[in-house]
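Presented sequentially are two complexes of chain A, the first with chain B as partner and the second with chain C.
What follows is the complex of A and B.
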């Protein structure tokens, strides 16, 4: 297995995606292009620019520690594909 | 066995649930034990388009924890997304802090087995959110998810690999628990999951300075499991090294019933979590005014209080440590010492009778049936010589069961000690007359005979004679000057 193959599978694994062998080649090429694009940013020499953590110049958007009403159990479970005893039921994971 | 001595190297990641009323990014309550999925909203269940807003108190609590553990506070901090897929995490990412945690580079002091003080360095303390709870569905019909815990604020306290034994790890955790309780940001109840711990452990030849390959055992929620994990993981890794097999870096799960670890997953690299700043949350800037405001909430910490107790109240070191091990107990002592005006007697009664009573009744000091003021009054009666030691115990027991004040108990049961010299002299004279042999022994130099005579006076007075005065009067009467 080539380095690119391993790398693709690792990323697919993290994203919990099953990738068919036919798609592999296209995906490796696409991802390579995406990385190349992102690397252009690293190549920029901008020592004067401070590290930015947010897209807009805002800070301290905070709320007081005061409870607000939660949703009803029924509403919370309304989107669940399956439920049981007030919980979302999912395939066995534990 | 090769005969090489090995050393265990332990680092801990402690998760402490903050005792805010609401979750960290929404107004849902954090209260323990609610019906499943009733403390949830679109924000904490990860509905698309819902917008989180940081709970100010959670930030303040995190900073307070940092101040209490000698950390440096990052005045500029931010929240990041840690991406991974697991069904207890409906958003598919946990909001945590990556490169700008609120607190960094702190330390705590613990006491080692040999009684020495040892510094345990803290790498960082950051704010993050808890995940949901998964349980088995009946008849193997899947897993069940309760999202009430999703978004409950947690502090993750990460140490450097500075501990060398289960005992040191335990001391560290007890110390953390004590501090969190002192600064009142968490109740650290392991049984309710409000304090949990991951154990990072490696072994190395005792002579080596290089760190071995470590494993991380997740989510331990009792001192007992932590101790067992440290023992079993040490033994397992030593055995591998002895066989020449390298330890594989992995995340482990501890099976309490089987008493062994199993591999949960091979260790992810930080990059696998694809951390990036959460675009929905604005960075946090703790400016000077806010910092000073948070600092003003910092109470006297256990270590400082222990030292003050020794200095101010002249208490023995072990008693000072015991009294300051719990903020409520230390408060109790200070109140009782003030009322009683007797630091040592108050210390003696609290570390003895009071703690025994609390243990017997299985209550905390805050729920003590005898308040510090009442105990202080009782101590005043003792110190004034109004009642004897054995009478005081009797009064104490009545106070514990009826809640009556010591004064009313002493009055209504006519327990007042006889300290009147006239009355005592009369009794002493009778005792001297009736016990010529003991008097003879005493006069012949057998000092011990005085004890017998005092005993006789106690008997004559039905236990009400002040024993100290009784002894003095007997001595005086038998040695006419």
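What follows is the complex of A and C.
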């Protein structure tokens, strides 16, 4: 297994995605191209520049803690892939 | 008379003067959809029954002498990443193939409150990731001007529907150009407002710091009308702007004499198609004829926009799409060993290749050891890009730019090479990075007769100025009144 295969598997593991062996080669090529194109930013030496996380300067948006109606259990469970006794059911965890 | 092919503002007048009725228009619209849809495939879901019921209810209010709202009886399409109560909302993904939201997105709520008729949900690139609508899990939408060409993306279904007049106007979303580029490719008007102008509540998230709901319409007046309906503060979206909204219709029909348009010199680069260049140059000439001044400005970090965009958008996408785990809603795979395997299999089956590529890239740029080099660096360059726009817009009233370096391309022409596809977004992504408003209006045609838009970029919350300038241009040029020959109009 090459370093690139290992790298891709590590990232896929973090992202909870299974990469099929036939897709591996294409993905390594595509990701390599995308990252090469992203690497032009490394030429910019801007250690003092502040970061911008948003298009507009907004922070600490608060609202009043007032109770409002929420969705009904029935509405929410209507989209659940599996349910039992008013709960979403998943495979045994422990 | 085929009133369902008219813009909303004209249709509304027909209703008020009793020259057309809402049920008659909605029936006519569905007949036109049935005739046209096999050639275009703009819709993923049609809502004929509920639309007919809505039409009856709205007509009753007209008959009682009421004016039931700014969009009363206007047949509209909605992109399939905006939640619609009791109507399947798929994001064009296998992951949400069977997802039926229990609520309406804020934008949907607002158009319905003004009496719009919901025709159906439109096709798009899966999770809005793409520039051609080719990445839809379900089907390809064809450009009504030429079925061999893509409609653009990711709001390709909404743009194609408006161009084919199978919707009077439509809602889309724009994270890096997803309203503006298909508007240009399909010859319609599109607006992406200032970040925060429209609520994102109920818009399925792709990249939250860039996503905005947008509008596609036949002309600038409809675009201004819809912007009036959709603007305003919404406490359910923490990034919603509590800023004054303008009367976007008030500035229409006003002169642009004395206004200054900035032309970013870096946008006249290699790789821009000569027909696109000509459309922008002709537009510059037209604005000068109308009495506006034109001034060269500079956006020095233009070349850095695309890497910044793809790093930030993919990072945010990898985080936002973490919620799809097959537990509470969305696809759950079968034949899994345990919970972890269920999540892995559900995500791998549910997401298509482009979505997986962007999640992987986003996960990588956020992972230990790479965060500073990619994500933090991209956010620093975002600061520089914003400063570039602040400086350029301090010297003019708005910027005039191309929308895409090319007009609508053929199916498969770019989908094999992600970087080549990403390069078509160079003139649109910077606007999302800076959070600015931008409007696209038809500005010409290429040698093969495909439409080509021009883009106007405004100051924060300066939508009204954009509508005024775009309207003056539209009314003095023939482009918005042309319709595709390929579709029976």
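In this section, the second predicted complex is superposed on the first by the 84 of 94 C-alpha atoms of A that agree within 3 Å, B and C clash if a C-alpha of one lies under 4 Å from a C-alpha of the other, contacts with A are read in each partner's own complex, and residues count from 1 in each chain.
The rule we apply is simple: a residue touches a chain if its C-beta (ideal position, glycine included) is under 8 Å from a C-beta of that chain, and two chains touch if they have at least 3 such contacts.
Bear in mind the structure is a predicted one, so any value in this text is a computation, not a measurement.
By the touch criterion defined above, A:61 lies against chain B and chain C together after alignment on the C-alpha atoms of chain A. Looking at the shared chain after the overlay, A:46 reaches chain C, while chain B stays out of its contact range. Greater residue coverage of chain A by touch, when chain B is weighed against chain C, goes to C.
When the two structures are aligned on the shared chain, A:14 is found in touch with chain B and with chain C.
When the two structures are aligned on the shared chain, A:87 is found in touch with chain B, with no touch to chain C.
Once chain A of one complex is fitted onto chain A of the other, the partner contacts of A:76 extend to both chain B and chain C.
Once chain A of one complex is fitted onto chain A of the other, the partner contacts of A:23 are limited to chain C, with no touch recorded for chain B. In the superposition on chain A, the residues of chain A contacting both chain B and chain C are 10, 14-16, 53-55, 58, 61, 63, 71-72, 76, 79, 82, 88, 90-93. By the touch rule above, chain B contacts chain A in their complex via residues 20-22, 26-29, 35-42, 45, 47, 53-59, 78, 83-87, 100, 134-137, 140-147, 272, 274, 277, 279, 281-285. Interface of chain C with chain A (complex): residues 98-100, 102-103, 194-196, 209-210, 235, 238-239, 241, 303-304, 306-308, 310-311, 318, 325-332, 336, 338-339, 342-345, 347-348, 351, 353, 356-357, 359-361, 363-365, 367, 373-374, 376-384, 386, 417-419, 422, 432-436, 460. Across the interface of their complex, chain C is touched by residues 8, 10-12, 14-18, 23, 27, 30-31, 33-35, 37-42, 44, 46, 49-56, 58, 61, 63, 71-72, 75-76, 78-82, 88, 90-93 of chain A. Those residues of chain A that touch chain B in the shared complex are 10, 14-16, 53-55, 58-73, 76-77, 79, 82, 84-94.
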